[in-house]
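You will see chain A twice below: alongside chain B first, and alongside chain C after that.
This part shows the complex of A and B:
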């Protein structure tokens, strides 16, 4: 072969190959659509005659300007039927919980419950939207290291494992809307001057969850819970830290009474923030009502 | 008939007098209660126990954001601001929640994404240049940005929130 052909071949070898990634039209071969004015095609420009489309109000996805939309044309299974009546548990991730502790927004040396999480000002629930408390989610389960005693309203198995691997304890507890109203804004509640309400028992469809030891329900048998702790440690393959030997055992073992909504304060008591006194009922009838 | 002629106003009973004799039987309140349900005076004991009050104070929210405590390790990935930043020509002040003030702003029917970095002090032009130099290798398109020296913010076209946070954390901001 001649020298020139060799050179040309060498150049071709070093040049980029033609592939889908680098082919394109010749310059000027495609003309964009023109939006003509007046007699040069200036009429509706594809936006139709009158209505939602012409007024460019950017209708919702699937809306067909007056036709029955495709997604409503056929029968369907009502997956969300009755969603407005179901209990909702807004999520809080383990990552965010760890961040609250890192940033000193929550004191992990004391038992954590809905009140201390709402008091950070970084999480809130709206009771009128059927929110019944926190769903602790598993995002950040791998990095979670805080040793704490936490009470949430819903938790998955992985979340329970992550908290217990770090040497903490977790409980799932039910609060009725009336108790929640006292918990989400404690200052306002105390200023109202009403007695601390008695916590109601969970509704029938929630009884199973809150009495089950594998869900760490607050109505479950403590003996069974300690058994389930070991079962979970074996399932996820971690060494279960012995909380009995921990220096914070007293804090980690602290639990509320099933009728109690605040740590250390009994239902029926009235807190007076101005005089800094606590009023406790002496009436027999009241004591009988508030007894757990 | 005579009375009607003498006092024509008497023939029509005023509305107010009509209302007095009315009983609304449709309401549950119209039937009597079986027992007296008016509030009884209840006996209460007023106590001033410091242990109880400690539990009450635990329930009250903080009025200010607490300062973070110095720890060896922050597992969540949050980093405190370094202390010797006075030598750098620029400074980005943390928010009241101790976070980097870098946000994603979405506008124009969710089609436009811009990154906003606020609370900048010092040489804002140098910071803009360094951020653009940092972002350039990762981005195919040229990076457009706006600097507001007076308000102390930089706005960059596109979503670069995590990249800018990473850049500033490495600088100790």
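This part shows the complex of A and C:
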């Protein structure tokens, strides 16, 4: 790009001064409205002479003038049945994640979750389109080398292996739409002045994924997860870095409570941005409700 | 235009650009210091220009300044410049051309002659568009506004393209300040002649209260104009042959444009102006 710009500027040095009279848009970038003129200007505009073509009263699409139409000859295959109810996980590749970290858009010395990724301004989810979080994809798995503690909503086996080979940890966690709404625009949520909601448990069809140790689910048994880490290292043939001996062990081992949405903030708390205080409930009933 | 562009940044800035308070001696010293570029580029070299002074008729070079390559050596997109200029010409233009249709023209309610029996063509109204003095089909209606908004970053890149072209074609000059020794019109005339500027020159300062002498000297010359940096726009840059920026204006323009090119919340800021939102 810079090469092209320099070349163009060099050419401009020996050209007449660019002024109001000698500039133009890219050729063909704009099409004006056409009005027919000349020999065939007032003709039929390609619609032929009389009849259904000219009057636009076509037969309905697929109608075969009396035969059973093709689209009715076979049974319906409901490929999209329930599509509007399915959970969507917009993809984020390991390559992009690595890039965010290299360009200081994400601080890898702290645990990374949906909030920190959305706060880069480079990734967004829209909850009203049934987005339920990030699907971390394996593009760039070969060159991924960031040591981090990341929490995503969906990850494949290869992605888990890539993160763990680099000496990091990964968790898959479910957030219900209410929690997500608080996470995608934290400032707006805190300004609303409502207490941080309690994170809901995953729906029945997602329980299996989020309780399985091989998927690094947040509801899985931690001991089983450390077993699975070894199993995966053997399967993919890499030496599992010992995070217990790492200087960043505390950061790498940090996990959210299954009911918690933000690191360091518990459900039921109210964050007052103007006075810079956090208000915590004292009422027994509230404490009982928000307890995990 | 830059004012439109910079509205978000304006509230956050502590300093005021509308008054000049610093004494001339200290500002001259400050002008000679090397510039520190915001967001330095890893791949493009800064552009170097002479810092000149207006206090003599012949060119007097003070020092060399570095300009940010993203602003002053950007890709010269002629098409974006064209779009900016069309936008500037059109958004404030309201067409008052007006014609009357056959039903608005006075009269013509009566059938002019019988349908049959005269050997003449059949007609229902003397105000039909076929008649002389009849209505106009699809004619212009008043008022027709031509307002639209150019996308934000096309406006930004229009400015960087125009500045880059001015610098590449040797039509951009940086001066320490707009102070001149006399308020005589002939002084500025001769200065422009001796430095081979212009003939039309646009002088841009960071503040909108200019020194008295330059204001008086350029007052009667129609093709030498003064403009504060917040008014800088693509049309005026191309309208004038030579663009003269003060060092303060360069700082301000770079700060604003780089701020917009490097901010990471542009998606959120632009979202509310986006049409066809899901």
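Observations on the structure shown:
Here is the rule we use: the second predicted complex is superposed on the first by the 216 of 292 C-alpha atoms of A that agree within 3 Å, B and C clash if a C-alpha of one lies under 4 Å from a C-alpha of the other, contacts with A are read in each partner's own complex, and residues count from 1 in each chain.
What we mean here is this: contacts are C-beta pairs under 8 Å (C-beta built on N, C-alpha and C of every residue); 3 or more make two chains touch, one makes a residue touch a chain.
Everything quoted here is computed from the prediction, not taken from an experiment.
Once chain A of one complex is fitted onto chain A of the other, the partner contacts of A:105 extend to both chain B and chain C. Of the two partner chains placed around the shared chain by superposition, chain C is the only one that A:126 touches, whereas chain B remains out of contact.
In the superposed model, A:230 lies in contact with neither chain B nor chain C. Contact with chain C, but none with chain B, is seen for A:8 once the two complexes are overlaid on the shared chain. When chain B and chain C are set side by side, the one touching more residues of chain A is B.
When both complexes are overlaid on chain A, the residue A:72 reaches neither chain B nor chain C. Once the two complexes are overlaid on the shared chain, A:24 sits against chain C while remaining clear of chain B. Contacts of A:280 after superposition on the shared chain: chain B is touched, whereas chain C is not.
Legend: residue contacts after superposition of the two complexes on their common chain; A:144 is shown touching chain B, with no touch to chain C.
105, 121-122 are the residues of chain A that lie in the contact sets of both chain B and chain C, per the superposition on chain A.
Touching chain A in their complex are the following residues of chain C: 43-44, 69, 73-76, 78-79, 81-83, 85-86, 164-165, 168-171, 235, 238-239, 241, 264-268, 278. Put simply, chain A touches chain B in their complex at residues 58, 95, 98-99, 101-105, 110, 115-116, 118-119, 121-122, 140, 143-146, 186-187, 190, 262-265, 270-271, 273, 276-283, 286. Here chain B touches chain A in the complex through residues 42-49, 51-56, 58-62, 65-69, 71, 73-78, 97-98, 109, going by the rule given at the top.
Looking at the complex, you find that chain A touches chain C at residues 1-2, 4-6, 8-10, 12-13, 15, 17-20, 23-26, 29, 105, 120-122, 124, 126, 129.
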